[in-house]
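Next, two complexes with subunit A in common: one pairs it with subunit B, the other with subunit C.
For the complex of A and B:
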């Protein structure tokens, strides 16, 4: 057990060191990611300036801005750049063979690599994030109650796991199709619109709204932000977090199942 | 580019471009002792006329179409996917207008819903032109620099900026042009009190071309930095974040922070005129007593010319720092 923990610890350290090599690029990338928020603030300011009421679909202008900023936090946890395409590439060019002959689990290794990636990302991104949130503090209604904050943190951690296992499952589809770029494209499109990244999902009219409610995508951006802004009723708070955890469990099982099925049909040749 | 490095026509460098179906392979067959001084290539490029460039452009377009048609399924998927982004985006604005109308609002920064749809159609038009003609090529420039494949571009007796800029044409991106035209056809008759004049119909395509040229200038100047940096992978990200500002009516940038932003993106990096000017020409009734609009229209012409000149300068300067690679 201890030996196994040491192996995982070494892998994690390795992944962190690898990530730190490109910290300059990281800082630039993180800061640039706030730029679309600027245009959203101006757009929504113009929308609210035109409307007669200062509330739309339960949001004030400040709520909308706070919402966009909070989805940035959620996406800092749930987005997995290059994960699915990386797994698919490994399957296609045969690198996946090393996981078959070494006593290292593909998903476990990818998860640690991703945690390493995220830890470095948070260590660097906390600067730009803190600066932007401090500058924009006027848009926020203030810190929510302790229980709500706890649910918010839990939803963020779960959104990381959901994002990881969902995208890994997509990547593992590469065992069957080899080229998954069009699958990924469809996923990205749906993710962008139905995770709440582009707009608060509350503005969507029924029946679309109900359909989106049943998708797991909303937990990747909308849900943590909605908890923070008090859009999730307190009596349903933990139930909703439980549903998110159930989705995570579903994708963990799916991911494992796809990996085993994939390994069974995979043939590797050459060195 | 340094003297004496002009003619590295060896077989190894040819591999970098092998899949393009161009004459990279022919160049690769040149004996390794073959050396063409840069000055001869430049002299030859000066003697070529417009028809030669048009001919080469048409050949590039034809080759790209053949290439796209070879991988037909991929072409169809790419067309559908770029269309679906545009449609989803349209859906978002339809939602926002719906929401706003319920709250008693009618316009976003002076743009009614159908005027705004014309704005979006213009955005789609300009962006699909940029994506179809230049995007892939600008991304490729970084790779050409890194692998040394730029040698073959410099060897040819044509303007290197021209060769680098239009080598591949992404026909799949042109599918969006049809969507934009359909959106224009839907929205224009629904704009209250709009009487289209011949002048508007002439100026609109002209300003679409000018807008495309402004975006091209910024893109090629950004791509040229990869010659200095060796590699520039975040080019597309930076491009996306920068041009994101141009996708909204310029009137939304107002107030203490908005006004300076609007001026910077109009007069320093003129991305705000790219969509705003043609969209306003078509969607908002032209009135002679609107001097600001006329001035902005005149400025857009100057901005397009200025951007092209500056980007040309940046590209030429960057090329002088090119030191080849490999071999």
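For the complex of A and C:
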């Protein structure tokens, strides 16, 4: 166990070092991620002004801005830029071979690599994040109770795991299709609408709302924000977190199964 | 007991046959044609501990496929193989800690980080004891003369320097079996020579078993006593390098240095004249005729110098390849027939 922990620690250190290799790209990518939230604030301010109403599907303007800021936090955990396409590229160009030859697990390695990248991102982004939240503190109803905060934190950690295993599963589809860009495009489209990234899912009418409830995507953005804003009833709080955990477990199993089957059908492309 | 045991190993791929043109592309959306490519058609091979075996064959012959099967990268269609007692495609960690695969065209080091960081990762994933790791690393770095490059990002290394680092990474865990897939591809003559020298020294030092594929005959001649020629997915020769020439070459090259004014005008009666630059001449002579021709020349002309040589190795191997599979279509009937011809020529 200690040996395994040392391997993980070394991989984590290397992933952090690798992430810092291209400073310019990293700093630009980190700071520019705050721009969309500014445009969202202006957009929804305009929407409420034109609607000449303080409320929209149970959301005030302040609620909506707070919601977007919180989904930004959730997406900082759940979004996995380049993960699925990276795995598919490794399959196509043959780089995946090293995970077949060396005594190292592809999924475990990728997870550590992603944790390393996220840690570096959080270390740099925490300053701008704190500044944005401080400047926008007026939009928030206040800090939630301890149990709700705990559920919020748990939902963020689970959203990271869900995003990782879901996108890894998509990447592993590359063992069958080699090219997954269209699959990813469809996924990103669904993700954009059904994760709550585009708008709060409460405003979606039935039967769509019910359908979205049965998808795992809402846990990637909407769910942590909804917990923080008190949109999830307290008596259902941990049940919902449990459902999110069940989705994570499902995608862990799916990911492992795809990897196992994929390795067995792999043709060793790329020389 | 053999370190590598292969019995009736076969690997076939189903590949999409893309027709030319836009209409065919549109048609392929609804109906696709596939073809079975038989990359390996039933190989039997034993390799013993400490052997350095060359795997030769034209492009598409099945060399790299065999190495991929033995390293567990791919799973066979049928047949069995055991390396160090393990079935490679079961990918047990115990097995993966005892062999290494180096591919000349593939980089396994971290591209943006110095090689020494990849080495440290290897130390952890292969569970190498720190003292042994340091000793092995120092030894390999010293042998390959790359001490000054350890801190430089891999992307900034030359191809030859990178290959040296790849070899170090592959050997850090002291593998008992090493698979080398064209390790000198793209390298200049000096870098090729350095890698050859290192491999020869290391193999003698450690007594490890090495299977090498290469298109450079100098690699093969310098390193391997045993040569396995594979063509069209079948083994057509398994023996020494000298035996390749004996089996597949039916002539020798006679070089003669005549005394002044003694050079005959009708050299062609002795064999095919390759070169004449009086008083020197080179003639290609049938192997069965060599003693008769030599005796006739020596008894009739004044000769200052004479040598009898085998044809260049590249030439012999090229003729074996020419008899065997077509590189473009290793799965087709023509290739299969050609491989059969080459196989029977070897018998």
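Note that in this section the second predicted complex is superposed on the first by the 262 of 271 C-alpha atoms of A that agree within 3 Å, B and C clash if a C-alpha of one lies under 4 Å from a C-alpha of the other, contacts with A are read in each partner's own complex, and residues count from 1 in each chain.
Note that in this section contacts are C-beta pairs under 8 Å (C-beta built on N, C-alpha and C of every residue); 3 or more make two chains touch, one makes a residue touch a chain.
Since this is a predicted model, take the numbers as computed values, not measurements.
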Q.
Please determine, from the superposition on subunit A, whether subunit B and subunit C clash or fit.
A. fit
Q.
With both complexes superposed on chain A, which partner does A:57 reach: first (subunit B), second (subunit C), both or neither?
A. first
(Q) Quick check on the superposed pair: does A:266 touch subunit B, subunit C, both, or neither? Answer first, second, both or neither. (A) second
Q | Partner chain in contact with A:122 - subunit B first, subunit C second, else both or neither | A | neither
(Q) Per the contact definition in the header, classify A:176: touching subunit B only (first), subunit C only (second), both, or neither. (A) neither
(Q) Students often get this wrong, so check: with C-alpha centres, what angle lies at subunit A between subunit B and subunit C, to the nearest 10 degrees? (A) 80
Q.
For A:32 in the superposed arrangement: first (subunit B), second (subunit C), both or neither?
A. first
Q. Thinking of the overlay built on chain A, is A:193 touched by subunit B (first), by subunit C (second), by both, or by neither?
A. first
Q. Who does A:257 touch here: subunit B (first), subunit C (second), both, or neither?
A. neither
Q | Lowest C-alpha to C-alpha distance for subunit C against subunit B (Å) | A | 5
Q) Which residues of subunit C touch subunit A in their complex? A) 13, 64-65, 68, 71-75, 89, 91, 93, 96-97, 100-101, 103, 105-106, 108, 110, 112-113, 117, 120-122, 124-127, 153
Q) Touching subunit B in the complex: which residues of subunit A? A) 25, 28-29, 32-33, 35-36, 38-39, 42-43, 45-47, 50-53, 55-57, 182, 185-186, 189, 192-193, 198-199, 203-205
Q) Can you name the residues of subunit A that touch subunit C in the complex? A) 3, 6-7, 10-11, 14, 17-18, 21-22, 94-95, 97-98, 100-104, 263-268, 270-271
Q: Could you pull out which subunit B residues touch subunit A in their complex?
A: 77, 81, 84-85, 88, 91-92, 95-96, 98-100, 102-109, 234, 237-238, 241-242, 244-245, 247-249, 251-255, 258, 261
